[in-house]
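Below is a structure I'd like to ask you about.
We just call them A, B, C and D in the order they show up, numbering each chain from 1.
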């Protein structure tokens, strides 16, 4: 039996690197040698064992991580004709049932029986990971492992921007964590007239500028409402990508939006948000859309092609890389808000 | 000088029928002999002089009313080549500026400088009314004056249902006032699989049934959540038309909606509504759209053609008709929740 | 070994009813006791062995037929968790590969490696038929076997009408064979203002009237262009569903279309058609969409729900029913243009 | 009385520079000091007096030209509140009636009574030009007069690309005259994965490369079908912008298109084109859209903002500039196919 390193959560208050047997892949699965895995807010929730995590159904011991890329080293039965040992793949986190109404209507990412890789099954902060074959997708050589490991959040942001139809329009991205930064990059690729990025971290704003933001705003230092109205002849912005998950930022967003504008909501506020439905939505004819993942595999395909063509520029979002042994440092950085996307290379 | 009857608000706490001079129409206006005028919630707010009304800019004396139809009896200069004395017209309440970005992009109904007929200028609860020529539109003989007077709310509901794309889908209409009832009728015309109407008035539910609802629910008498889940194999409904303006109904709506479903918000809650953005919008990928009027004049045209063809069945929504002198009785009925659409025939 | 009756094409110029062994279903397949099977133009092409058929790859002996419904009597391995013996099913004709770009983007019906049931594999003019499990879909009790057997063409027509967005618009259906008639029914369900049906058979026009056409036109007996212009104030119709496959009708359609209108092309002309691209498409800003099948399974779902709810009225299209032994009479009728949808009940 | 230079067509076979009185603007008009005017194929047709021109209703003497920018020097009555002397404007060629169904539905550019500036009324190859106020639109300082004069064809191309939704998709632009080149630039701005430009002129292909084409093809020198299939794994391209107006190129386009792809037709073939409707449109589920202008003024607004922001790069399309006196040289160049967009600066 061969062994691998994995970041294992063993109890509500404990996680550690362990040497455990390399798992075997069963029917409909593939075994991936993980080359790059990206840290996401969800992983922090599980590590902190917050109320969401406590209700997630996770059982110990549990291997963390859900954003990754790597190489297929074994395939189970029925793992699909198009995958074979040696394929370079990235992983789709959403594991759809394939039989519910949404799955049968091209909306697998909001499957009625959705399971999440790295939540409802062991994840990828390990040297090897068992992945549902359905969720492993070949990526071109031109896409690096590190970029591949971020395709999930890139795709989510890209889809939000794409469905908001930003061509020739002004776009405000609220919150410049990885999701917000990828939204900035996507809006730049998709022809927004003007990309305004807002965050309270000067480091993240600087990265936003590098990734395509035309204007950056720290709402703690300046009056964002006045700024936006000045920039838009008093109309407000055409499109908002809400990626902060901050209740008060979210609430304020509606004031920054023009009549008939669109808000794509990607961030997850922990508190309920009070909205003035009449003023904020009805009179304004706001269009709001919740975005919780990529289209499988329409969004994948577009993002992969743009990455390969060098037309979607996401690299600056990666601020740190660690080996798996450096996981605690990575987690500390992520919690502190210093840095942005943190990559583990197991 | 000739005189006419009009319902005039003369002070915060007073309104009365007066004999006043028939107004003259100026440049860009037409004078309409009002044949039918419909009472709307906005009129009740103005009569009651609530906080919204106090801030509306209305100055006394003021002629109430904004939903109407009638015949053109005079035209001012520049009133458009296509209108002439004798034309049977209905009135568009939204008076757009014609020059802002929305107006120049086919969204006049959400004009940035929008004025409302019967709010920002004298209205139509009178024998004669001066109407911006832009907002008077010929209606066919086959459309009665009474139906003509309701084309504003019919169009608003129709547009909500049309943009929600209900073909073959389940639709829940929350609130069966006129807006809700017209949504029921529209969903029936546009091929909804199943129309569920919810209200707390058995009279309104009965009318909803007459107008095309397949299932009626009084949420005070039965568990609407359980009912909806039973009817939809546990998925929730595909589309919700929120026409109640009731905060708690609105809040609950999100639980009744399927993943990926659409909510059109037309009702105006007086209180802010607390939403769980993550659960209600992001994870569910809800699509929300505020609807505050018709497209000018795309929606008009579709509704007019369907009414003329006898394919949009709205008559049962009219429960009472009064002369202008009976205005107090009409207002009483409307406030009491007995009756539905109340028509004045000046 | 058990035997069944089947209509078998044994040679270019010969087809006959044979007693042959009931086939067994393999992995990923189900065995269906066929209860109803509908005759389609494609079957006539195969019987006549025209040039298309000669190039179709069909090898003798071959069981004809692709539109059917019935009951599952056996299931192979991996035939999907949701199908079991006893299920009442209808069959999807398009057999997608599941791996090409279209399949991975929710467009299986235009799979790059598309195979057709009853063309690229044995079909359903038999007491039993082996069906890819992917293509067998449960239908509700309320949908009869005969209606179930027609769900393929119903769905194709429904999708054409749905994607053309006919709400409140005028629709011209050119050609009233089954596809045209189902388009008439769909347009009626989906809120067209006016449905005009054109055909040269008075019998088919009569059925069109029964199924929802407001106006019927025999273009051999009256001037269709003048008629359409009269009906539409000289604009032309908003939407055309081209279901005739007649080259000259198709060519003329563009003159009948309003500026900015939509043509859904479903019929298959045998000859090339000469179009004046400038006049017919560019200046007119015509939108043209080829429609070759249903969305899997979005269209299925909508049509099934509407049929079950009694809101899509398709029965009059069935003009004749035969046992399998009566196949020659059915084929004669179909060729003669007398009758419309012809059903075999094996 | 003051005089100006103008290029006047005086007879079927004659045009010349004349000194004529500066015209006065009437009600609803503005007088523009033309600063830049661009030569278009339509102007060549009028100069050559081909069959289209003979039937256009043009009466001599006639001032040619319809693409221009300049400064307002006088305004007539009712010329709109937002225009004043000194404004820098570009001109919309489509003069809509404002009252037909299309105009009332936000599709003024396909007005049922459409008149064209520079065809149905005197044009802009002159020092001064009278322009319908509705069609003069302020442009920002950052947009030069020369760019302003090309906003008509830029907008047409941009709209074609925008409505084809090219984000992450492969785009083939057939024909690299100004319309094709602006389509290349637009596809680059709007996030196409890959832009392939085809033309028979190496000069134009070179400009296409400068403006954003990733791949250039001269179909006379290489097998375009094979090339396209190689680049797209055998699928064909996702989107084609047909800007050649060449019948055989247009016919071949359908073979280069993937199943489910989109063709925007902008070019105007002189000959009818034979299409295999079944193979080219129905089986392939091709979507075809005729594009004949910009949305008024939705497209204007997007293009203007992108130009101002420096995010739409169109300059290389201008190959030559002349004074009005050099018109013959400009016309010669345009006819010869040398050069691309030719600008007159009166």
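As a working rule, a contact is a pair of C-beta atoms (placed from the backbone, for glycine too) under 8 Å apart; a residue touches a chain by one contact, two chains touch by 3 or more.
In this text, all values refer to a predicted model and were calculated from it rather than measured experimentally.
In this structure, the chain pairs A-D and A-C differ in their number of contacting C-beta pairs, and the larger number is found at A-D. Overlaying chain B onto chain D using CA atoms gives a rotation of 180 degrees, to the nearest 5.
With centres taken as mean Cα positions, chain C sits 42 Å from chain A. Mean C-alpha positions place chain A and chain D at a centre distance of 41 Å.
Touching of two or more other chains is recorded for residues 101, 301 of chain C. Contacts between chains leave no pair untouched here, as each chain touches all the others. By the touch criterion given at the top, residues 78, 80-82, 99, 101, 104-106, 295-298, 301 of chain D touch chain B in their complex. On chain D, the positions that touch chain A within their shared complex are 162, 167-170, 189-191, 193-194, 214, 301-303, 305-306, 309, 311.
Those residues of chain D that touch chain C in the shared complex are 101-102, 107, 110, 112, 234-235, 250, 258-260, 265-269, 272-278, 281-292.
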